[in-house]
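Presented sequentially are two complexes of subunit A, the first with subunit B as partner and the second with subunit C.
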Partner chain A sequence: MEEVDVEPAVTNIPAASSGTHLGFAWGPGDILVYETLYKASGKCTGSGDIHEVRKDEDIYSPILRKLFNESHHIFVGLQTIREDLPSKNKKPQFVSISKNYRSVIRACMEELQQVVSILLAIELIWNLCEVLFIDAAPAGSLLLHLLDWVRLHKADVDEKAREVLQSESPAEHRDYWDVVVSYVLQGRLEEARQMLVKQATLQPAARKMYKQMDTLNISPGGTQTLTEFDVKWRHWHEEVDRCLQDNSFASNKHLELICKILVGDEDTLLEHKDLLSTWYHFLVTRLLFCHPTVKPTELHYYAQSCLTMFLDSRSVPEPLDSILLAAFEFDIHQVIKDCSIALNNWWFVAHLTDLLDHCKLLQSHNLHFGSNLREFLLLEYASGLFTHHSLWQLAVDYFDHCPEFGRVYLELQIERVPLDTERKALKVLRICEQRQMSEQVRSICKIMAMRALRNNRLGSALSWSIRAKDAAFATLISERFLQDYCARGTFSDLDLIDNLGPAMLLSDRLTFLGKYREFHKLYGEKRFREASKLLLSLMTAKIAPRSFWMTLLTDALPLLEQKEVSHHIQLIYSRLNCLCVSISHLDNVVHCSLHFSAYL
Partner chain B sequence: MFVARSIAADHKDLIHDVSYDFHGRRMATCSSDQSVKVWDKSENGEWHCTASWKTHSGSVWRVTWAHPEFGQVLASCSFDRTAAVWEEIVGESNDKQRGLSHWIKRTTLVDSRTSVTDVKFAPKHMGLMLTTCSADGVVRIYEAPDVMNLSQWSLQHEISCKLSCSCISWNPSSSRAHPAMFAVGSDDSNVTYGGKVQIYEYNENTRKYAKAETLMTVTDAVHDIAFAPNLGRSFHVLAIATKDVRIFKLVPMRKESTSTGPTKFEVQIVAQFDNHNSQVWRVSWNITSTLLASSGDDGCVRLWKANYMDNWKCTGILKGDGSPLTGSSGQPTAMSTVVGSSVQTSQNALNGMSAGRYFFPPLDPPRAGTRYGHLLPPSSLIEHCDAEPIQPQQQALPHRLSSRALLPLPEAEGQ
Partner chain C sequence: FFFRFAAVYVSQKISKSRWRPVSHSSLQQADIFATGSWDNEDNKISFWSIGSHGSSGVEDGFEGDPQLLCEHKHDGDVLDLQFLDQDRIVTASSTGAVTIFRHHQNSQTISVSQQWARAHRYPSDNAPCTGVVCSSPEIVTVGEDGRIIVFRADQEGVIRVIDNADSSTIHAVTYLRTTEILTVNSIGQLKLWDLRQQSNSPSQILSLSGDRVPLHCVDRHPNQQHIVATGGQDGMLCVWDVRQGSTPFSLMEAHSAEMWEVHFHPTNPDHLFTCSEDGSLLHWETSSQSDIPSFLQGGRNSSMTSRSAMAPAGGNQSLINAWLSGDSSKGRLETTHMLPSQTLSVNSLDVLGQCLVCGTDGEAIFVNRQVPV
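Right after this comes the complex of A and B.
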C-alpha cells in the first residue's frame, strides 16, 4: 500500500527576532516552545516568552466529550461479545452496534447546532461502511440500503415538501415540481404519487403517470427472487420507455421529465444536479433506474463514472469523495487511511476499525498488519484521551483491550496522572491494583507518602507507606513519630496507630511504635499486669531502638509502684543488667538501677 | 497545532532549558542570567512563577527534575563548572498564601574542571542518582544513599570518554532483562574519527560501567541524545541530534553464558532526516515515544512520527516567525489565552483545521466562489498566531491524493 504524501503543516511561533533557535520541552498534551540560542554567543537583553503549543484536539469540546463517553460504553460492550458464537449470530449484533455508534453521532449533532459538518461526514461514511462491509448487503437489497443511505442524508426534501403541502395551493407552489422530482430521484415513489394527486385533478395526463408509477415495484426480495424481480423490472422499464417514445407526456414538460428520469436517462439526471446535490445521490438514482440488481462487486465501476460525470472539469474532488469511492471499491484499508488523513482526531477511525476487526473484515484483507492496525489506532486514540483531566479514565478500558501494547502504554501513562487530591490518587490506585500493576501502586503510594511527609502530615505519610509496602519509609516515619513523642509527650494520629493491625509487621520500628502505643493504652486503662508484660517483651524482643531505651526505663518506673507486677520487676531488673552493658550513658543507667534496687 | 498560551518568562537573558516535572504541573527554566525559575500550573491552566533564584556564577545550561518519589528536587548544571542539587522547602503559611516557595541548595558538585554540559537523574529504580557530563570528557555518576538527607552525595563512578561531552541519556527501562545503560554524546568537531556516541552498561560483577558500544557512523558533533521509553520491546531506540536527526535501533545480541563482558548490540539506523538542513541541537521523545521532536539551526522544531508500518515521517513544524511582537505584524504583544469559547475551538477542530499532526493537511482559506466557503469560520479566527493565512498547498495530484481538508457536506447549507 503506497503512502499518501502529505506535507507537514507549519505552525508559526511568535518570535522576537529572527535567527534564534527554538527550544522545546514535551509536556502532557502539549509542547512548550521558547527562543534560545544553542551556541550562545553575545548577550541578550532578555528572554522571550515561553509558548504552550497544543494540537487542536477536540477533546476539549464538551459536546464531543459526550461522544467519547457514550462510545466508550459501546466499545466495551463490543469487546465482550463471545468469540465462540457462529458468525451468522454475530452479524446482527455487529450491525446493531454499528447503529448504536451512529445514533451517538446523531445525538451529538443535535446538540452541536453550529458546526455539524464533520459529524455529518462521519455519519455518512460510517453508514456506507455499515451497508457495504458490516451488513454486506447482496445484490437486490443492496440498492434498498443505498436508497436508505441517500435518503437519510438528504433530509431537506421533507422540509420543502411540508412547506409546499401546507401552502394554500400546493400544486401551484413554486417548489412543487422540485419536490416531486426530488422524491422520484430518491425512489420515494409513493410520496411522489401523493404529490401528483394534487395535480391529477388539473391534468389528465398526470393520471397516467400515476398509474405508471404504481406498477413499478422497486423492491426485490420478499417472496420473489432476484431473477423474478429483474424480469418484472425490465418489463416495466420497457413500458416506461414506450411512454416516452410515443410522446404520451409531451403535453406536460414536467411529467415528461419525470418519465425520462424513470427510464434512467443520464442527461436528464445530470440536468438536476441542484436537486441531487452530490455525485453519490446521482449514483444511487442512476442505479435505481438503470441497474437495480447491481452487485456489490460492480458498484465501483458505476461510482467512478458517476463521480466523473457529476463533477465538471473545473472542480477538484474532495477527500470525502475519495473516501466514499474507496468504500465502493471495498478497499477498507484505503477508507481507514483516507479518514485518518482527513479527520481531526482518532475517534472515528479507531472505533470503526475496531468494529470492522471484530467482523473479521480486516484480517481477511491482510493478515500481516490487520490486527496491528486496530491496536495502533486504539492506542493513538486512548493516548490522546489520557492527557485530559477526566477523560483519562475512559482510556483505561481501551488500553485493556489492546493485547500487545495496551498494558505497557497504560503503565507508562497512568503514572503521569497528576495526583491532585487524595481522592484522585485513590482512583488511580484502584485502577492499578485491579490490574496487578504493583510497581505503579508502589510508586504512587511513595509519591503520596513523600508529599505528606514534606508537609509534616505523619499519619498520612505512614498510611501511604504501609500501602506502598515500603518498609524503609515506614521505619523512617515511625522514627519521626517516636521523636515527636519524646519531644511532646503525646502521640499524634492515634487512630491510625491504634488500628495498624497486621500492617504493623511491615517494619520493626513500626511494630515497636504500635506496641509501644499499646503499652500506653494498657497503662491508661490501669491494666498494669498486661502493661508491664508488654513492656518487658518490648525490651526483650530487641526491637526497641537504642535511643528509646531511656524512655522505656522511665516508663517502667511508675509500674514498680504497682504491687501486682512485683514479680516482673525481677525480670526487668535482670534485663536491665543486660542492657546496662551496652548503654553508653552509664551514669544515667547507674542512677536508674539504683532506683530499682531500692525496690528489691 | 496552535499556540494556546504564552508565558512571559522574564529571565534577564537567554533561556537555555525548560523542564516539565513528572506530572506536568510544574516547570523549571534556566538561563544565562544564572538563575533558575520554578513555575506552577494552577487549575485553570495559568502558570505562576513560585520561585526565582540565582543558582550559579555562570550560564545555567540545563535543569532537570528528580522523580517525585524523592520529593521536590531539582538539579542544574552550569558554565561555572559545577552542578547543584536543590530541594524545595515547605514554607510558612503566609508564603504559601503569596504563592511562593523556597528552594535551598543541598549540594554543589565541584569535581569538573570544565563547563558541565548536561545533568540527568538516572531512572528511579536505581535510587537517587545524578549524572553529569563535562566539556573535559568526563561523565560522573553521584548517588545520595539516604534519600532523606540530600546533602550527602558520593561520587560513585567517574568515566572518561576521551572526547568532550555534550549530552547524556539514560535508558529509562527498568526491565531486568538488561543492565542499566546510558548513552553519551560528544560535540567534538573533528570528523576524521567516528564514535561521537558511546553506550555504557553496568556490569554486576565488576560493579562498574563499561563501554558496550560506540556508534562509529556518527562522525559529526552530537548535541543531544535521547533514549526512547521502552514499551516492553526487546530492543532499544536512541535518537541523536547531530548534523541531522538520526534514530538508531540497538538490538541486544544473545550472550554466551560464559561471557562476562558488556552486551553486544546490532546497530541499525531506523531513520535519518536532514530536513532542518543544518545542525540539530535538541531531540526529545514524548511520554509514549510515539513522537520525537527536534530543534535545529533553521529555527524550527520538527515533529516526527512512525505509522503502524514503522515508517517515519515529519508530521509538523513549529517555526519562529521572526517578526517582532509589536508593530508591523499587527499582533498583540501580550497574548493571553487564545483558546476562546469551546464552540470556537470545536469549530476549528471539527473543520479539520490543524497543523502538525501526522495526517492532517492545512486548511485552505475559503476560496471565493467555493460552495461551502461561507460555512467555514472566517479566516480571522483560523490563524491566531500570524497575520497571513497558511498558503494552500497547490499540488497537481490525482483526486485520491487531494490534500484539502474535509469540507462541510451540502446538507449543512440549508441550515
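Right after this comes the complex of A and C.
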C-alpha cells in the first residue's frame, strides 16, 4: 500500500474546549466524539456532549441529490446491457452512456447559482476519459475530439465574440483581436475568418490570410488516409511558413501574429497564455498546428512538455493537472487513484470506474481485500448513500451489482434503516424478500410485531407474523387474546379472530384460538351438538394450552344441561379421566370432575 | 405509439401527487397539482403547474415540464393528501397529525389553515395517520391506530371518533356514498361504515377467501357506486361488488409487488390506473361495447397477466366466458405499461382528463398530458 500523498484534513470541533482529551467511535458515515479524561477514573469536567462529525456534506445538497438519482438510473441501465453482444456494437452504447452521465453533471452545474469548480473539473476529466479510453479515437480523429474537448471548456470566447459583434464598430472593439486569436487557437478558422471580414481596410493582406485559413484541413476526411492527409498538411504548413519568411503580413502585426500561430510557433503560443489559460489548451493548439496526426501513444510526450513549458517556475501543478497528465499517459489506475484522493465524494470514481470496467479497460488484478477495484469503489459509494436518511434506496441497486460483497454489505446495512412507519417497513421488507434475505425479513417483522403488540394492535401484530411466517410470534399473540378472554370473559378484536382464514394454521395456538371462538359462536347460535363436538375435538387434539383446560371444562358445564349431547359428554368425562390422571395434582380439576360425575 | 412524459427530478421522494380539481362546467384542463414528500428530515408539500394548454409562453425545454409554484414544510411523512377545495389540501402525517394547508394563488404562498396535531395516536406514542378522504367540509381520516376520525374543516374539535374500528392498520379510506365510507386494512378486509349509525361496528365486512393479504388502496367506480377496486401487498387488482357477496368479483394479476394506488378515471371509467412498488404504472382499458366495462362483468379466480399490451379482440365472445376461461387472447381488456423504463417504486398517481401525474421513490415526478382515454 502506497503512502498517502496529501496531508490529512484537520477538522476543529468548536464545542469542545481546548486541551481536553477526546474519545471517539466510528459510525457508518461519521464519527462520534466526546470529551473525556485519559485516566482510569475521575470526574470529567467536560460538557458531556456528544459531537457528530460527518465526513461527507455533498450528499445533503438538494442539487446533488438530482445527480445521485439520475446517475442511479443510468447505472442500472448500464448493468443490464447484454454481455453477449460483440464489442463493436457495444462501443457506441458505452459512449452514449458516458455522454448521459456528463449531461447529468452539466445539468447540475446549470442549476447551481455559483460555479462549482469541482463539477467543472469532474466533467473535464470525464470528457477526456471518454475521448481517450471509451471512444478510443485513433490518430486523425483524436485531434478533432481533443479540439471539441477544449472548446467545450472554454466557452468564454463565444461570450466575448457576442459582445464584440453587438458593438457599434466591432473591428475597433478592444477585444476584437483577442477574439480572432482565440478562435484561431481553438482551430475555429471559419469563425475567425468571419470576424476578419470586419476588417475592411485590410482587404489585400487579409485575402491572403483567408486563403491560408481556407486551405487548412484539420483532419483526414472521407476516403483520405492518414498518410495522404499528412502529405497535404505538410504542404500547407510549408506554404504558411513561406508567407512568414517573405514578410507577406509584415504590414499588419496582428495578421503576422496569426500566421505565426498557424505555423505553430511555440514562443508565440506561449505569449498568449492569458488567452489559452490552461496548459492543456496550449497542448491541443500545439498539436493542431504542429502534429495533427498525433497518435494516442504519443500524447504523453507532448502533454508533459507542454505542462512544463506552460507553468512558469513559480507555479506548482495542481491535482487536476496530474490527473489529466495521467489520462494522457493512459494510466487509468493512476487517474482513478488521484481522483479518489482529490475528491470528497466517491460518486465520480465509482461511476467512471464502473463504466470503464464494462468497456473491459481495467486490468482485473484484485486488491488486497478480495474484491476488485470497481467493486471496492461501488461499495464505498453505496455505503455512503446508505447513511443518508433518504438515498439508502438507491444504494440497494449498487450493492446488487457487486457480486463479491454486495449482499453482505446490504444485509448489514438494511437492518439499520429506521422504521418509523409501516409503509417504510413494507418497502424495506420488499427489498429483503426479493433477495431471499430471510433472516432480515424475520427480524424486521419481529420488530414491527413487537411494536404493534406493545400498542395493543393485535391485528397488526398478527399481520406481521403472517408475513414472516413466524409461528412463535403468532403463538404469542394468541396467548394475549386468550389472556384477555380469561380476564374479561369476552373476546376483543372479533373482526380479526372471526376472519383468520388459512392464517389460522400458522401456529397451533392460533388454530386453537380460532376454533375456540368458533365454539362460542356455535353455542351462541344454539347449535349445541356441533358445539360439543368441537369442544371435544379441541380437547382430544392436544392443541389446547394447559392453562386453558380449566376454562374448557368450565365451558363444557352448561352443555351438560343440553339433553342431545349426552353422548359427547360421556366422551368428555372419559377424556377428563385421562386429564385427571395426567395432572392429578391440580385440585381444581379434581374438584371439577366431581361436578361432572354428579351430572352423570 | 409513444407516451409523452415530462420528467423532473425534485430532490425529494414523492409519496403523494394529486391534481387540483377543475370545475366540470368550465372546459378547463388540469394545470395545477400538489405533491407530498416522505423519508426526508424536512418533508414538504409543494404546488406545481404544468401551464395551460396552448399558452404562448412556453419556455425552452420540454413543453409541459412541471414548474414549482410554492412549497411548505411538513412535519412528518406525507402519507396521504387530498384537495378539500380549489385552495385547500388536507394531509395525513406520519406524526398522526391531520393538517389543512391553504394555497394563496395570488402570492403563491402556503399557510397552515388548521391542524389536529395528535389526531391518531397510541397511549404513549405517535401513530401515523395513513389515509384521508374529504367531501367538503367533512374530512375522514384513518390510521395505524385503527381509528376512524371525522372532522369538519373550520371546526376545532373532532366530530366523531370510532376507536378500535380495526385491530390492524387501516391503510386507506374512500367514500362509497355521502354517508358511507369504505376502509381497507392490513388483514385483507374491506369494511363498510355507515356514518349515520351510532354503532362502532362496520355495517359489512368483505374479504378475500384464502390468505389475508393486506390491502393498501381502494377506489370506487365514479358512476356505479357499488363497484369498488382494491389493490394490496401481492399486487393483485381486485374488483368487488359490495352489494353481492363477500368476496371479490374478479381478480387480476397486476404487479409483482405492493400496489400502492388504484384509480378509476373520473370521467371515463372504462379506464383504470394502478401503480406499484415494482416501479410500474399500468393503464387498464376495456373496449367493451356494453355499459358495464368487461373487468366488472364477473369472473372469480381468473388471473390475466397484464404485462404486455394486448390487442382488443373482435368477435362475439361472451365476455363472461372470456373472464372465466382466463384466456387473455379472447379478453377485451388491454393493459399497458405507461412509464418508459423501470424506476424505483411509483408511490402515487392521479388522473384528470387527459393528464396523468405520478411520483416515485427515485425522486422524480412524471406528467403525461396525452393519456389516451
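Throughout what follows, the second predicted complex is superposed on the first by the 471 of 600 C-alpha atoms of A that agree within 3 Å, B and C clash if a C-alpha of one lies under 4 Å from a C-alpha of the other, contacts with A are read in each partner's own complex, and residues count from 1 in each chain.
In the analysis below, contacts are C-beta pairs under 8 Å (C-beta built on N, C-alpha and C of every residue); 3 or more make two chains touch, one makes a residue touch a chain.
Predicted model, so just to flag it, every value in this text is computed and none were measured.
A.B. asks: Touch check for A:Gln194: first (subunit B), second (subunit C), both, or neither?
C.D. replies: Neither subunit B nor subunit C is touched by A:Gln194.
A.B. asks: Is A:Asp30 contacted by the first partner subunit B, the second partner subunit C, both or neither?
C.D. replies: first
A.B. asks: For A:Asn455, decide between first (touching subunit B), second (touching subunit C), both and neither.
C.D. replies: both
A.B. asks: Who does A:Ser141 touch here: subunit B (first), subunit C (second), both, or neither?
C.D. replies: Neither partner.
A.B. asks: Between subunit B (first) and subunit C (second), which, if any, makes contact with A:Thr540: first, second, both or neither?
C.D. replies: In the superposed model, A:Thr540 contacts neither subunit B nor subunit C.
A.B. asks: For the three-chain arrangement built by superposition, which of subunit B and subunit C touches the greater number of subunit A residues?
C.D. replies: After superposition, B is the partner touching more of subunit A.
A.B. asks: Touching A:Ser117, do we find subunit B (first), subunit C (second), both, or neither?
C.D. replies: A:Ser117 sits against subunit B, while subunit C stays out of touch.
A.B. asks: Touching subunit B and also subunit C: which subunit A residues?
C.D. replies: In the superposed arrangement, which is not itself an observed complex, subunit A uses residues 62-63, 455-456 for both subunit B and subunit C.
A.B. asks: Sort out for me which residues of subunit C touch subunit A in the complex.
C.D. replies: Those residues of subunit C that touch subunit A are 9-13, 15, 38-41, 77, 79, 94, 122-123, 125, 127-128, 130, 144-146, 164, 166-169, 185-189, 191, 202, 205, 207, 209-212, 214, 233, 257-258, 277, 341-345, 361-364.
A.B. asks: Note which residues of subunit B are touching subunit A in the complex, please.
C.D. replies: Checking each residue of subunit B against subunit A gives 1-20, 22-25, 27, 29, 31-33, 59, 68-72, 88, 90, 124, 148, 174, 223, 229, 231-232, 279, 281-282, 284-288, 290-291, 293, 295-297, 299-303, 307-309, 311, 313-325, 329, 331, 335, 339, 342-343, 345-362, 375, 385-386, 390, 393, 399-412, 414-415.
A.B. asks: Which stretch or stretches of subunit A touch subunit C in the complex?
C.D. replies: Those residues of subunit A that touch subunit C are 62-63, 65-66, 69-70, 72-73, 76-77, 389-390, 393-394, 420-424, 426-427, 430, 434, 455-460, 462-463, 466, 492-493, 495-496, 499-503.
A.B. asks: Please output the residues of subunit A touching subunit B within their complex, sorted ascending.
C.D. replies: Answer in residue numbers: 3-38, 40, 43-44, 46-58, 60-64, 112, 114-121, 124, 153-156, 159, 277-278, 316-322, 325, 338, 340-345, 369, 372-373, 376-377, 379-380, 383, 405, 407-409, 412-413, 415-419, 439, 443, 446-447, 450-451, 454-456, 476.
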